[in-house]
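Below are two complexes that have subunit A in common, paired first with subunit B and then with subunit C.
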Partner chain A sequence: MRRGPLLLTFLSGAAIAALFFIPHYKAQAANSMLLEWTLVVYAFALILGSISLWNSHARKVRNRAEGWGFSVVTLVSLLAITALGVWKGVGEGTPVDWIYNTVNSPLASTMFALLAFVIASAAFRAFRARSVEATLLLVTAIVMMIGRVSIGELISHRLPGITEWLLDVPNLAAKRAIAIGVGLGAVSTALKIILGIERSYLGRS
Partner chain B sequence: MTWVRQLLAIDRRIIFLLVGAGAALPLLFPLNLPVAVTPRVRAAYDAIDALPPGSKVLLSMDYEPDIMAELFPMSVAVLRHCFRKHVQVIAMTLYPAGTGLGERAISTAAKAEGAILNRDYAWLGYKSGFQVVMIGIGENLRGMYPVDFYGTPLDSIPVTRHVNSYAQLQMVINLSGSSAADYWIQFAQGRYHAPLVIGCTAVMATDYYPYLSSKQLLGLIGGMKGAAEYERLIDTFGDARRGMDAQSLVHLIVVGLVIVGNAALFISKRSGGDGGGPASGSMTR
Partner chain C sequence: MVRSGFVTPELDTRWFDPARLNVLIGILLFTAFLVVNIFRARAKGTLYVRPIAGLKALDEAIGRATEMGRPVLYVPGLSDMSEVGTFAAITICARLAYRVAEMGCDIDVPCYDPVVMTVLDGAVREAYSKAGKPDAFRPGCVHYVSAQQMAYVAAVNGFMLRELPAANIYMGSFYAESLLLAETGARTGAIQIAGTDKVTQLPFFVCACDYTLLGEELFAASAYLGREPIQLATVIAQDWAKALAAAAIVGALVLSALGHPALQTWLKVA
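Now for the complex of A and B:
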C-alpha cells in the first residue's frame, strides 16, 4: 500500500532536485510546470485549512467546550471577512481594508508588544548570576542591550564598538557553525525522505 | 533582610508600569538620541544609492502587523530612498496579512516623495508559496503575476512592462520577519544571482551576518535600530528614530531591573537567605 506514495515521493524529489541543476530550456519548462502545480496544491491547502478551522471551532460551539465564545467570534469573523472580501473587494478603502487597519493590525501589534512587559518581569526574576557561565551571559547581555541602542553611545562611545565586535567575532563564528550544521542536517533529512528511509510523513502503519 | 525580600518579591505590576512609562514617555516627548550608522546599514544604503535613475528593484515586504513596529518604518525609509533616486519599485508580499501593510507603506512613501502608481511603482500584492513564487519570478514573472493587485495586466504598467524575471531587475530587496529571507538568499541570489539587500527584525539580524561576509548580501538592515540608521542616512525623522528613544529607555529599565535583582540576590545570600529568584515563583509573576 505504501509503495505508491514512496515511489511518488522519490520521483518528485529526485526530479525537482535534478531540474534545479539542469539549465536546458526543456528542463526549465518542466520545472515551471511543476511549480504551477505546487501553486494549485497551495490553493487547495488554503481551502482545506479553512474547512478544518470551521469544523474545529463549530465542534467547540456545538459541545459548549471551554472558551466556546471565542470560537463563535472566530467563525463570525471568518464568514464576515470572506463575504465582505468577495462582495466589496480587498483594495484600499474597502470594508476589509478598514477592518484590517483598525482591528487586525492593532490587535496583532498589541499581542507582540506585550512581550516587552513579560520579558522585563522575567529578566528581573530569572536573570541571575548564579554561576560563572550565567555571569558571563549576564554581562554580555547587559553590554549588548545598552550598546545596541542610542543611549549606549551617550554612556560611552566605545560601547557600540564592543557590541559590534561581539556580533562580528564570537557570534558570527557560532552562527556559521550552526548554519553549516543545519544545512547538512536538511540535506540528510531530504535524502532520507526521497530514498524512503524516513517514512514518518506517511503516518502510522 | 526584610527590604531585600520585599524587593525580590516586587509586584509585577510595578515592573509593567515602569516599562509602560519607559515606552510611552519618549514617544510623547522625543529625546532625539543620537543614532550611529553601522557598516551593514551603510552598505545597504550605498547599494541602493548607487542605482542609476530608472533602475528597477523588486521589494518584497514579507511581514505581518505583529512586527510592523520594526519593519514598517524600514519599508517606508527604503521606499522613500528609492523614490528620491527615481528607482522604480515593483512591490509585493508573501504574507496574506502583509497586503494592507505593504500598500500602506507604499502610499505613505509615495505621498512623501510624490511618486505615482504605475509610473514610479507597481503593487503586485500577495501570492502564496515562498519558494514557488521566488523561482516563478526567476522563470516568468507573468506566470506568477499576470495582473497587479488592482487587476491591471503587467504589460499595461510602465514599471513592469519590460520585466519578465530577475534578469531585468537591478536589485531585490527583502524586508522580512521570517524564514522568507532565507529563501530569497537561496533562490533569488543563489540561483538567479540577483543582487540582494535584506531587512529583518533585530533578533533575526545576526543569522544573516555570514551572508554579508560571503558577499551574498549587499547590505543588511536589522530591526528598529537599522531602520533608524536608514532614516538618518536619508535625513528624515520617522517612526524608527522616535521608536529608538523608547527602546533605549526600556532597555535601560530592563538592565536596571536585572542589576537590582542581582544585587538584592547577593545581599540576601550574604545575610543567609535563599536568594529568592525563580524558586520564589513564576518568571512572569
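Now for the complex of A and C:
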C-alpha cells in the first residue's frame, strides 16, 4: 500500500535534487512552481491545524481541566479573529491588523524579553565549577564577558584581543566541525528518505 | 569555466551547471559509501555504532515517566517540512512513540507547523499500532498550537508548568525559543534531552538539558534507536564521508600552503 507514496517521494526528491544542478530557465521555472505547490498544501494543512487547536481546547473546557479558562480565551479569540478577518479583511488599518499590533506584538515582545532572565539563570547553573570542563567554561565565560565590555580594556589592553581570538579560533573551529557533521547528516537523511530506507514519516499504512 | 552567478537565470539554456560538479561528485561518492555499507550490513547482519549517551537516556526518561504516571513531552522543533531537521525529528518521534506505547505511558506532541502536525499524527498513530496497542493511542496527543514563535513558547511552557511532564524531549530545528523552553523545563525538574542541527542553539541546550545531541547525532538518532542494519549503514556511510571531508580539507590546506590552491578553489560550492 505504501508503494505509491514511496514512489512519489523518490520522484519528487530526485527531481528537486536534479534541479539544483540544472540552471536551464525552464527547469528553474518548474522548480519555482513545485515550491509554490507547497503553499497550497500548507493552506489545506492550516485548516486541519485549526480543527486540532479547536478540539484540543474544547476538550479541556468540557473536562474542566486545569487552566480551562485560558482555553475559553483561546477559543473565543480564534473565532473572533477568524470572523473579523473574513468580514473586514486582514490588510493595514483593519481590526485584525489593529489587534495584531496592539495585543499580539507586545505579548510576543514580552515573551522574547524573558530571554534575558532565563539566560542569567541558565548561566548560573552552567557556570558552577563542578568539573574541569565546567570550570573551563566558567573561566572562558568570565574572560568573554569582561573582554566584550568597555571595562575590559581598562583592566588589560590584551583582553579584547583574547576574546576575539577565542571567538575566531577555538570557537569557530568547533562550530565549523559541527556544521560539517550537520551537512553530511542532512544529506544522509535526505538520501534515506528519497531511497525509501527511512519510512516512519509515512505514518498510517 | 562559466559560473552560475554570471548568467541571467531567464536566459540560461544550459542543462548542467559545471560550477556545481564538485557537489555532484560529493553526492555520488556519498551514495557509493551508502551502497557499500548497506551490502556490508546485509552480509554481517549488524554494524557497530558508538553509544550516544543522550539516546541511551531516552529509555530512562520514558521509564521515569511511566513510574511517575506523568506524560512525556516531545517538542519537534519550529521548522516546516522543508528542513531536514524536521524529518529527523519526525523519525525520532515515531521511534519514541513506539517505546512509549510499549511501556504504557502518555506522550504529548505540541506542533508549530500544521503540515508537520499532520505527518506526526500519522507517525505516532502507526507507532502505537506497531507496538500492538492501537487502542492506547490518545486522539489529540499530537496537536497544533500556533505558527507564531512566542505564542508557541507560551503554550508549551504553560503545559510544562501545569502538567509537569516527567521527561521533555526537544528534537529538530530550534531558534530563539530554545532556552525559554529548556529553562522552563529545567525548573519543573523534568529529565531533559535535546538535539538540534542549529549550531547557534546548541550552547543553550547544553546549559539547560541533561543530555544534548550535537548536530549530526540528531540525524543518526533514528538509525540508532531502530538498530536496523540498513539504517546503521547510513550512519557508517556518514562517518566515511566525514573522514573524506576532513582529508580533503587537510589536503587543500597543505596544497594551498605549498602554493597550489586548485583543490581549495574546487572545493568551494557555487
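By our rule, the second predicted complex is superposed on the first by the 180 of 205 C-alpha atoms of A that agree within 3 Å, B and C clash if a C-alpha of one lies under 4 Å from a C-alpha of the other, contacts with A are read in each partner's own complex, and residues count from 1 in each chain.
Convention: a contact is a pair of C-beta atoms (placed from the backbone, for glycine too) under 8 Å apart; a residue touches a chain by one contact, two chains touch by 3 or more.
Just so you know, these numbers come straight off a predicted model, no measurement behind them.
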item	value
First, second, both or neither for A:181, with subunit B first and subunit C second	second
Partner chain in contact with A:56 - subunit B first, subunit C second, else both or neither	second
Subunit B versus subunit C as contact partner of A:66, first or second or both or neither	second
First, second, both or neither for A:103, with subunit B first and subunit C second	neither
Touching partner for A:121 - first (subunit B), second (subunit C), both, neither	both
Touched partner set for A:138, first subunit B, second subunit C, both or neither	first
A:22 touches, of subunit B and subunit C: first, second, both or neither?	second
Which of subunit B and subunit C A:46 touches, first, second, both or neither	both
Which superposed partner A:192 touches (first subunit B, second subunit C, both, neither)	second
Residues of subunit A at both interfaces, subunit B in one complex, subunit C in the other	20, 28, 38, 42, 46, 104, 107-108, 111-112, 118-119, 121-123, 125-126, 175, 179
Of subunit C, residues touching subunit A in the complex	4, 7, 9-17, 20, 23-24, 27, 30-31, 34, 80-82, 84-85, 87-88, 90-91, 94-95, 111, 113-115, 117-119, 121-123, 125-127, 129, 140, 143-151, 153-154, 158, 162, 176, 179-180, 182-184, 186, 197, 199, 202, 204, 206-208, 214-216, 218-220, 222, 230-231, 234-235, 237-238, 241-242, 245
Subunit B-touching residues of subunit A, taken from the complex the two chains share	20, 28, 31-32, 35-36, 38-39, 42-43, 46, 90-92, 97, 100-101, 104-109, 111-113, 116-130, 138, 141-142, 145-146, 148-154, 160, 164, 167-168, 171-172, 175-176, 179
For the subunit B and subunit A complex, residues of the former touching the latter	10, 12, 15-16, 18-20, 23, 33-36, 38, 64-69, 97, 99-101, 103-104, 107, 128-129, 132, 135-136, 139-140, 143, 149-150, 191, 202, 206-207, 209-210, 213, 225, 228, 244-245, 247-255, 257-262, 265, 275, 277-278, 280-285
Residue numbers on subunit A that touch subunit C, as the complex places them	17, 20-25, 27-28, 38, 41-42, 45-46, 48-50, 52-53, 55-56, 59, 66-67, 70, 104, 107-108, 111-112, 114-115, 118-119, 121-123, 125-126, 175, 178-182, 184-193, 195, 197-198, 200-205
